[in-house]
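Notes for the one structure printed next.
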């Protein structure tokens, strides 16, 4: 679906265009066309391919989706694939794809399976003509920056989630729940990392060394995006590392808890085993058991049993088993 | 076994050739010969070596098999070894080998221990003469692309398998089965990674830097293959990482389950130990045990025992042990 | 808040300046202005941006904070972000930010959320005019050195903490406490590493290769800072590795302890089970149990029970179970 | 001990030489001398050092042994250290050392603590004069190839061993044995890896970049050896990784098994505790226990006990505890 | 404390010098001065700084100690920091520092907290004038070689220690001791690795690429030292890896042992529970229990109990639980 199609010159919008007038504006020097598609159909993509002279392989990638984030050059056209990451209503992560084709005189963005649009990007760009006049490369930066900035709240949410687990990891009886949450978190981090890391690697090529011509004038801006991606990547790595440790710690806590239960079990088993053994002795049917005939035999026996159990209880207590 | 032998010029097939006419066509400028062998014999390989002037070491490798995937240059001839990976009827992974020799005017593919053929590749290439006229390098790309594309369903199957394990990893009593499946999965991933990673490393040399002459014109295409391999490699690494975590989580779940069982055991042991100890006390044979003579002694005793056990049960319940 | 603003020439202070005279001194050759802000407001930053011609993106970073440590060049101006790390009164780590803008004729330091100031740095620099006359690059070094030197006591404190854990890791009954402390330590190390490692990577670019012009004359000094960061980074890695092992060892100790308790439990359970079983036998109500009538039956029985239990005790003792 | 000493020219043997004639042949252009020593004495090494002008440090290394595999250049002489790895009769790995000095007109191999000789290498080389005429560099390749090829059966044996462990890792009661075997395997893999990895790193320098002059003409051959080493290295890494997982899995299996035993223990303990408690109740000595006087009291009691136990048994069975 | 101060020319000693004559000899072409300090005071270091024109930062490092091993250039002076590692009488590792300043015409070694001196190095150097005439660079090599060679016995001792642990790791009841020893070993390896790895990295810069002028003529010698360091580094990595596995294996052994104890406990508990339950049955006070009146009731009952227990014992034995 076509969202938007407009021509720009010297930082200001010339006109909204119908698709069939694109080629007229492409000729005009100093002018560039900015087209936005969403959940594009085959027909639309083919039309765009013809208008802008896009490479077969790049269009294939945009059509099929399921690409890793990447930035490739086909001649003087830059083709970028980025992942959009959003929370679904049920708190699952949904991954969409944003493909951007950038030529000297055009930008084409194709967004699939993603709820978040780029109208804000366009509006802001149009309000800042001194920046927009840097041309298609700047628009590319603005789109990339928008995609990347939307990762921050996701990563923050994951960090908050992890802190939630950390708060209860040293509490008894939460192990099962913790491990499920940690595993779920680890999966989500994997999804975000899949979006961030390859894009970071790709973005680094826009900041130094041989930078594609359309991006060359905006190197500082791409370095800023690259910097954000580096930061996110470090955060994700730190998260992942912490989760690894937390899983280990959780296992340790379970084992510690089990060992405490074992000690208690041992202690109580010991105390009752003593009582039962004593009672068993005086329950034997020998004829000549003089204490059985004593008037105070019974209370003495019960007292002895109670005393022994009490002593054991006391010692177990002191040893920290009870 | 010879599968196919044909000469091409300007993107279209000239003729199917008997093997002994190969050398005639090799002279012809702008023409290349495409030969496909399957489970090749020594005689066939030696014949091909003579026809195309292949290097001893490369032919040795094709003959003996058991090579790592690689792409090597011998003079102006490129020699590639790739692994084919297929599921056997019993769901095991079967690894075959595809060797490709590419010279300026010929392509020779040798496929061993592999059920999947390349007739489809040839058919499609012949339907697209504008691509096929890029020459032997394009055929090399088409073969490589075919081999690599067949890894995708394998990796998908492994991912589905892992999801199956993940669904039951937090369920009680599945630990033994999970760990077996995870171990099996890890082994299979190792097999696929063995096919993918070295080929990825080798393919990267066809996309940038000093690219072999026969591949130079198809750099964008090889980058596409390289890109697929990078994506697969990342998927396999993610799978491997997830399996590692899943094994750890499975161990944690076993320990948690055991700790729950230990608590239950401790609780019930405690309850019955109390009952037995009480009964033991009143089973002692002292003469002077006044309560034994009371009319309501017995029901009172049983009641006391039941009440104590009930109290314990209640407390264990509240503590989450039962 | 403006802390300080002064102009220097040939290593000595010319004058403390009001902010609106900065531009006068910037013109003066061989002179540089050194401004220090703390918890800067938007107004102050905008003023400084105008005075010194700072890049939008750099000022954005200084304003928003939450940057990774980094050193960037915008034209001939170097922009550095560093983390200050301090212990809060409750022994938590507090991270602040120190941003430094260095131009050929000025240094601007902005310090946010940090209690530690740089007055000492300025005082020492003014006492050493032979060094200060190296210009703004040397001031940059001095600030960086001050920030980095303050990491050392933090790392020392963490090392001391870890040694405290190590001292009790092989003692019984400390496992729960150890694991909490190790987890806390690991988190803190992460915080410090976040400050150190990216700064180390950035600092390496000031010591070799294409060094920014303002730093070029102080290469040996920056190498010294880089060296400190390398050392810290190695210490932190070693700490982290040790913590990983300590967590593992702690788990092992818990398991060993549990296994010892299990053995003891097994041993005592065995001893009492034997006593109870014997007593149960002689508590049976068969009519023809001749030993029950023997005069010495009872003491003999008790003696036999005691002897058996003693024997068991002795053997368990020898086996190391008790 | 001198094994062999001969001069070659144009690919064919000129003569077997006594050691003191070596220098005569070294002068002769197009001729090279090939000397093989075994468990060399100091005297022999000193003699060779004088004949061939070897560097002090290299001769030191050959004399003392215990070197890592490496390939070094001393002027135009290449000095290589390789490890030979063999199984001892008791299935231990025995590491020997093969040092090779290669100059433009000589090859000197020194083999220590190794049972396997290189007579086969010499015989094959002499049968292939078209290859041997490549000179001393080709002999170096042939020796290296022979050493490296002998690693394959070792690695195969280790893989077979691991498969043996894998077959029983999911069987009950084999854990202790598995862990011992896995640990032993890991040690052996370390030994082989010690031989393979540094040699691989060293060999890579003979295939590309600035290749030593004596090896330059045989680059394709050294690439073949390098390729073998890469493959072995990958196999060893895969083995090591699998062993790591297998150790983890083995631990999981022990824990799973223990948890099954704990469940069984809990179940049977429960069943008998119930029986004992019931019997204890009716073993109490209260005077007014009417059921004790019933004619069918005893069978009813036994029946009740048996029924309760049966019910418990049934439920434990269904829960998978028994 | 000044240990030694002498001037050398053409490989032979000219004279032992008082410190104040150093400058005379520094002028003399072809001559170099070799000074050795031990536990140097501030005064001595300042004096040396003046004599040899050392850089402030390097002298600072030598004064404060606690540096990582490193090799730095200050102009044409090379400054090296190395760690000496020794066993204390109580078998702890003691780390000292050896700083070496090497200029074209002098060598200054400063050794702190280290018992081992370099008199042997000087003596050997003076006995080999053909080597010593390589100048100050060779002396630097000789000192470095001496420091590095002293790591070998330390590493050997650690390896022997680990073998000691390995011998008993599969024996029952040694787990606690093993884990303590493994943890201690790991710490010690960390200390040695701290000395070896950074020095290795630094030494690699003396063997290839842009080598400092004073070392350039002794490149082969420094490569030899580098080689030793590489070997040590590999040994330490292997040790560390083995310790990691050994800790894991030790944990497995504890778990296996515990699982065996649990089985035994379960088996004996089962046997006695059966005996007690039977005895309890016949200890009930029902009036109509005909077997109680049988003449052979008691022996039959005891026989039945014994038989049942025997049967259970037999079955547990067969199952490997006892």
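Labels for the chains are A, B, C, D and E, by order of writing; each one numbers its residues from 1.
Here, a contact is a pair of C-beta atoms (placed from the backbone, for glycine too) under 8 Å apart; a residue touches a chain by one contact, two chains touch by 3 or more.
These figures come from a predicted structure and were not determined experimentally.
> Can you list every chain that touches chain C and also touches chain E?
Chains in contact with chain C as well as chain E: not a single one.
> How would you label the chain D and chain E contact, same or different, if same means the shared numbers make up over half of all numbers there?
Different-residue interface.
> What angle, rounded to the nearest 5°, describes the rotation that places the Cα atoms of chain B on chain C?
Roughly 145 degrees of rotation.
> Taking the mean of the C-alpha atoms as each chain's centre, how many Å separate chain A from chain B?
Comparing mean C-alpha positions, chain B is 25 Å from chain A.
> Taking the mean of the CA coordinates per chain, how far is chain A from chain E in Å?
Chain centroid spacing, chain A to chain E, equals 40 Å.
> Could you list the positions in chain D whose residues touch two or more of the other chains?
Within chain D, residues 248, 251, 255, 258, 262, 265, 269, 273, 276, 280, 283-285, 289 contact more than one other chain.
> Looking only at which chains touch which, which shape fits best: line, ring, star, complete or other?
The chain contacts form a single closed ring, each chain touching exactly two others.
> Mind sorting the chains in ring order for me, with chain A at the start and chain C directly after?
Result for the ring walk from chain A toward chain C: A, C, E, D, B.
> Looking at the complex, which residues from chain B come into contact with chain D?
Listed in rising order, the residues are 55, 57, 67-68, 70, 72, 74, 173, 175-176, 179-180, 182-183, 186-187, 190, 194, 198, 244, 247-248, 250-251, 254-255, 257-258, 261-262, 264-265, 268-269, 272-273, 275-276, 279-280, 282-285, 289, 291-298, 301-302, 305.
> Report the residues of chain E in contact with chain D in the complex, numbered from low to high.
Residues 169-170, 220-221, 223-224, 227, 230-231, 234, 238, 241-242, 245-246, 248-249, 251-253, 255-256, 258-259, 262-263, 265-266, 269-270, 273-274, 276-277, 280-281, 283-289, 320.
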